[in-house]
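Structures are listed in the sections that come next.
Look for chain A in each of the two complexes below; its partner is chain B in the first and chain C in the second.
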Partner chain A sequence: MTHVVTGNCRGCRYTDCVASCPVSCFHANEVRVYINPAVCIDCSACIPACPVGAIVEEFDLPEAERHWLDINAREVERNPVLSSRMAPLPGADARRRELGF
Partner chain B sequence: MSVAGQPGHPLKVAIVGAGPAGFYAAEALLACGLEVEIDLLERLPVPYGLVRFGVAPDHFKLKSVSAVFARIAQDARLRCFGNVALGRDVSVPELGALYHAVVVATGTDSDRRLDIPGESLPGVHAARDFVGWYNGLPDCADLDFDLDCESAVVIGQGNVAIDVCRILASPIERLRRTDIAGHALDALARSRLRHIHLIGRRGPAQAKCTPKELRELGTLPDWQVAVQATDLQLNPASEQELAQPANAQVARNLDILRDFAARPVQDGRRIHLHFLRAPVALYGNERVRSVELAVQTLTGTPGAQQARPTGERTTLDAGLVLRAVGYRGTTLPGLPFDHARGTLPHRDGRIIGDDGQWLSGWYASGWIKRGPSGVIGSNRADSADTVAALLADRPCLQGARSGRDGLHALLARRQCKVVSADGWQAIEQAESERGRQRDKPAEKFVRIPDMLATADSASRPETART
Partner chain C sequence: MSTHSSETLVVRGACPQDCPDTCAFLYHVEDGKLVEVTGDPDHPMTRGGLCVKLKNFAEHHYNPDRLLYPMKRVGPKGSGMFERITWDEALATIKSKWTDIIAQYGTQAIMPHAYLGHQGTLNGLTAGDAFFNRLGSTVAEKTYCESGSSTAWIMTVGPTGGMDVESLAVSKYIIVWGMNMLNTNLHGWPFVLKAKAAGAKVVVIDPVRTRTAKQADWHIRIKPGTDAALALGMMNVIISENLYDHDYVEKYTLGFDQLKARAAEFPPERVSDITGIPVVDILTLAREYAGTQRSAIRQGVAVERCPGGGDAVRAITCLPALTGAWRYPGGGTIEMPIWEFPFKFDFMCRPDWIPPGTRVINELDLGAALTGAMPLDPPIKSLFVYNSNPVSQAPGASTIVEGLLREDLFMVCSELFITDTAKYADILLPATMQAEQLDIMVTWGHLYMHLNQPAIAPPGECVPNVELFRRLAKTMGFSDEHWDLDDWEMLRRSYDWDAPQMKGITLEALKDKGWMRLDVGLPGERAPHATGDFKTPSGKCEFASSLAGGGNFVVPVWRSGYEAMQPGTPVDPVPNYIPPAETTVPEGASAFPISLVSPKPHAFLNTQYANEPTQQRRQGEQIIVIHPVDAGPRSIEHGSYVRVFNERGAFEARAEVSEDVAPGLMMTNVGHWPGLNRSGTAVNSTTSTRHCNLGQAGTYSDNRVDVQRV
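Let's look at the complex of A and B:
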């Protein structure tokens, strides 16, 4: 089991999840973050930390979202580890409101 | 004058407490790009705080976070001073004079009381002490929990309440494969419990537990989770709370609870989840026998609902009562204290005196700063914030400080037995070895003299390492 970053993580990159990850299991590209399933210890600290509710436990991942498991596992291979907080991307708050958070 | 943090003039910081908040403060300082000299003080001879003494022994994956701390402890710029307590071996003014800055990350070593009649009856305990007991915390090694009864009542529904419930209801052969303390394993093997009641003041939509914790309760063999279907009928305000996207976890909790309520009732042992109940009195003669609960109802707007008594009362049998309604910090001689919150008063991590002024050079992080909330990782973000404040203050944190050399000299004068990182490793290795003989991952030492003797015998050749 692991935790998975899903579709809501795009264009905001608040990185509160990164700041609260005890094992630095997040990787980031220009627009979003991913979780390395080999490093995640399933502590769930990132779930309430994410302002747009993008992170779920694998157990709670709906069938239609299962592809995010592969995407996270693949993308951590080609994006660097991000271990501390960054400034959110421009327009992050607008996107958060748009998503209803 | 040279500025502390530049090459040849390290910024000297003491961190008090080697739990998650302390280690993450160290991590942030080590990564800040300045020249730093960091000393990590821990009152016990063993490190990792609540990761060793709080996280339940069956949560192996969560406990593996200690590998991150072990890695931080190996950094050449950091030294560990185990078995050194602030206020016992070194005073607040002494430590303040030795270092440019001190980060207090001592956590919460007490708990909130219920403040109801009967609370001091034998058989009524802090869940915190029960957790310390099964995790081998030396302070709790001599406690005695009477499991020769049929009914236990746990007050609270947060993660501590769920943990103690799960440990009480876990098959003994499962616990035998964890690093649970030997004395707890023996006592739990003799348990006669058939009912465990978890009492929550508010409703299922306000419960503090996580879906994962709840689901785990449903997987315990020989135990059924009992939930009253009527308890799951929500008022309109709770329905509104549930509909908010930010409350997705709460919605998952409700799904799990509805699944529990729908399972066919079987004979056998049972975990009862009670909502909208608050304890008002504990009864018994020689020891606790029952708990009186006041039925509650929720009033107020969504997100700000409060529990109010309806006037109706109910009673539950209880041979064991564990209160799990929050941890509290305790005072440290020489530092201010917020008695209402059980924390150190602070602004952005800077400790504030009774006069409202910053105690120059003093910082707080983790639970002693913000109270007992969040999980291990929450302390990483918190410590990063505190260290950011410390680094912003660097212009005021100047002057010559003797730091590590001064601390070593002071502790040597007091003949304090300091346990180094090597000593920690020696203790852990000896515990693994003791575990192998019992087919457990580790058998922890629960006595401080045993820990000190093990660290001492193993690290003697290393004493030159200062």
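Let's look at the complex of A and C:
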């Protein structure tokens, strides 16, 4: 099992999650982050850190969101590990409000 | 205590579990209910996160299966049929049964059985020691884990804390030897990552390609039980290629010539044959390790779990003195820094109360002791189990069950749940969980002292172990002052608060702050053996141990503080490779062709939480990992159910076919409750009760089995 980053992350990239992860399993591209399922140890430390509720433990994923499992697993292969916090993307705050957080 | 919103009360606590991380907790309480337990974000190791095992800890307190009242057995032994009784009736029954047993057989016919189901000063490993020593019961040797390493460590470097895990951040070469840190020491891993980011190389030595091994720069796959040969092989290379620190060896070690002679018996070719590691890798490892300063070895407990495990820990512990790694912060080896804490075991355990000549029975021999396979006079007529679950966790489970079924055995068990062991009890006593009790947590993985303060009232009639033993003492008519002390006074007397390392630490300060670091040097600066100062009789790192003369011993903390009646079997002063009894038996010479190792599970803490449905989902069912070359001929496919068996017993599991294990090796996890498994058994039905060469530790990883599809 693992944790996955779902759709809410796109466009905001608050990387508070990355700072809370004890095993550095986040990978990032220009717009968002992903969790490496082979490294994640399921501690859930990242869940409360994310201001937009983007991170979900695998078995809490609703059926309609299960495709994120494959996406996370695939994207970590192509994107580098991110081990420290980055500045949020411009517009992140607006997106966060839009998402209702 | 502080309130951070109008309704939520936040109380500081600490994790009760047998895990080196001892996390700093924040209990969140609303209307007297524990709503959440989180990690303290300000604690340098906890860093705000707990782990997969404890993340639903609050809910665990409200598990509907919790034992809330004393119970007596009303059906046949092991039937699980119990009826609620009062504490008064429970205590009166115990008193009357014990009085009869003592009159007929003497006090030694009573045996306690405990381990680290809780890791507190008041309620943990030693919670019942004072009571049972006062009673004059058999002394139980509690050597489930770490005892072999403890003896080995004391023989080599003495009771020193050694290197601290936070200093790994400044290491340049890190060997994680026999530990899956991502599963069992995860709060240590960020320091490894920090070192890695600064260019350190991380090497993992493990028979299995674990999560941790996958994250390392280099995974060295070793045959289980052959670690001593690898350490001696490294020394062979380091000495013959003159890579050792002559000055350090001369000034701060004892017995170099003897060690040199021993290492000469382990040329790389021989070590390669023993360990299965290619010669070139042994050479590279030795050269890199000796050639990189600020080198650290993080030792795992797995190393001791074989017949030669004690000597393996001694050999590994010799390495940093040979290379002079101890000179630097971030250099040396981490085993268990617990020795830095100034416990007052004489108060905690009261060994002065043990009647001279009292016998010792090792807990791993419980089955033999109960069934008569071990001749005993007097026999064990009563067993008192707390903080432990031998039917799941001890080797030779089927013999233990046979013993627990004895009609003439009066068994009492203090528990949180009716476990596979508790179900055989005649009397069950309900114990508190961590948010309901006061304690100072003992830790074996870092240098912080933690106070756990009660956040909620105990449910039902649950009592902390410390109160349980007070009640038992009064019931048995003991009138010593000890039984009148309250929890705070007991904590006060359990530590030497004036010891130099306790500078600034008081109970009052702990009440406020929750946790404080011992004054023993800062992370990244601490180098306790830069100029020797080992805690051995010679003050040096003893390659040739001066304690070996007294023979094998168990460090008294694992045996109620008792110094007498030690095993005393001869011990070679210089560490040697003692082959496993089963793992390395050549193919064809054993009826059971495959070795089985059984490390800790990911989502359970030994057996704890394995009865929580959420944790069962996270962990999945009992599995075995088997290599394709072993699976193929047996028609075992990924997902097949299999029966794993040997002459001692059997269990069933789902197969995962994977090259994470080597051919001829399988892996499963200990901790699944036997009664919740398909077969009603778990891995310890197959493990042997043999002891490690030092400290009477278990040899769970030296286990040959066969497997078939069901």
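Just so it is clear, the second predicted complex is superposed on the first by the 101 of 101 C-alpha atoms of A that agree within 3 Å, B and C clash if a C-alpha of one lies under 4 Å from a C-alpha of the other, contacts with A are read in each partner's own complex, and residues count from 1 in each chain.
In this section, contacts are C-beta pairs under 8 Å (C-beta built on N, C-alpha and C of every residue); 3 or more make two chains touch, one makes a residue touch a chain.
Since we're looking at a predicted model, the values are computed, not measured.
Trainee: Where does A:60 make contact in the superposed view: on chain B (first), on chain C (second), on both, or on neither?
Mentor: first
Trainee: Tell me the contact category for A:38 with respect to chain B and chain C: first, second, both or neither.
Mentor: After superposition on chain A, A:38 lies in contact with chain C alone.
Trainee: Have a look at where A:99 lands relative to chain B and chain C in the superposition and call it first, second, both or neither.
Mentor: It touches chain B, and chain C stays clear.
Trainee: Just checking: does A:5 make contact with chain B only, chain C only, both, or neither of them? Give me first, second, both or neither.
Mentor: Touch partners of A:5: none, neither chain B nor chain C.
Trainee: Could you look at A:16 and tell me whether it touches chain B, chain C, both or neither (first, second, both, neither)?
Mentor: The first partner, chain B, only.
Trainee: Answer with first, second, both or neither: which of chain B and chain C does A:85 touch in the superposed model?
Mentor: It touches chain B, and chain C stays clear.
Trainee: Touching A:76, do we find chain B (first), chain C (second), both, or neither?
Mentor: neither
Trainee: Can you list the residues of chain A that meet both chain B and chain C?
Mentor: Overlap of chain B and chain C footprints on chain A: residues 20, 22-24, 41-45, 48, 59, 83.
Trainee: Can you tell me which positions in chain A touch chain C when the two form their complex?
Mentor: The touching residues are 1, 20, 22-24, 38-39, 41-45, 48, 59, 83.
Trainee: Which residues of chain A touch chain B in the complex?
Mentor: 16, 19-24, 41-49, 53, 56-57, 59-60, 83-85, 99-101
Trainee: Under the touch definition given earlier, write down the residues of chain B that touch chain A in their complex.
Mentor: Of all residues in chain B, those touching chain A are 20, 24, 28, 31, 61-62, 64-65, 68, 210-212, 215, 245-246, 248-249, 252, 374-378, 380-381, 384.
Trainee: Note which residues of chain C are touching chain A in the complex, please.
Mentor: Listed in rising order, the residues of chain C that touch chain A are 38-39, 47-52, 55, 182-183, 186-187, 189-190, 193, 197, 211, 214-215, 602-603, 617-618, 620.
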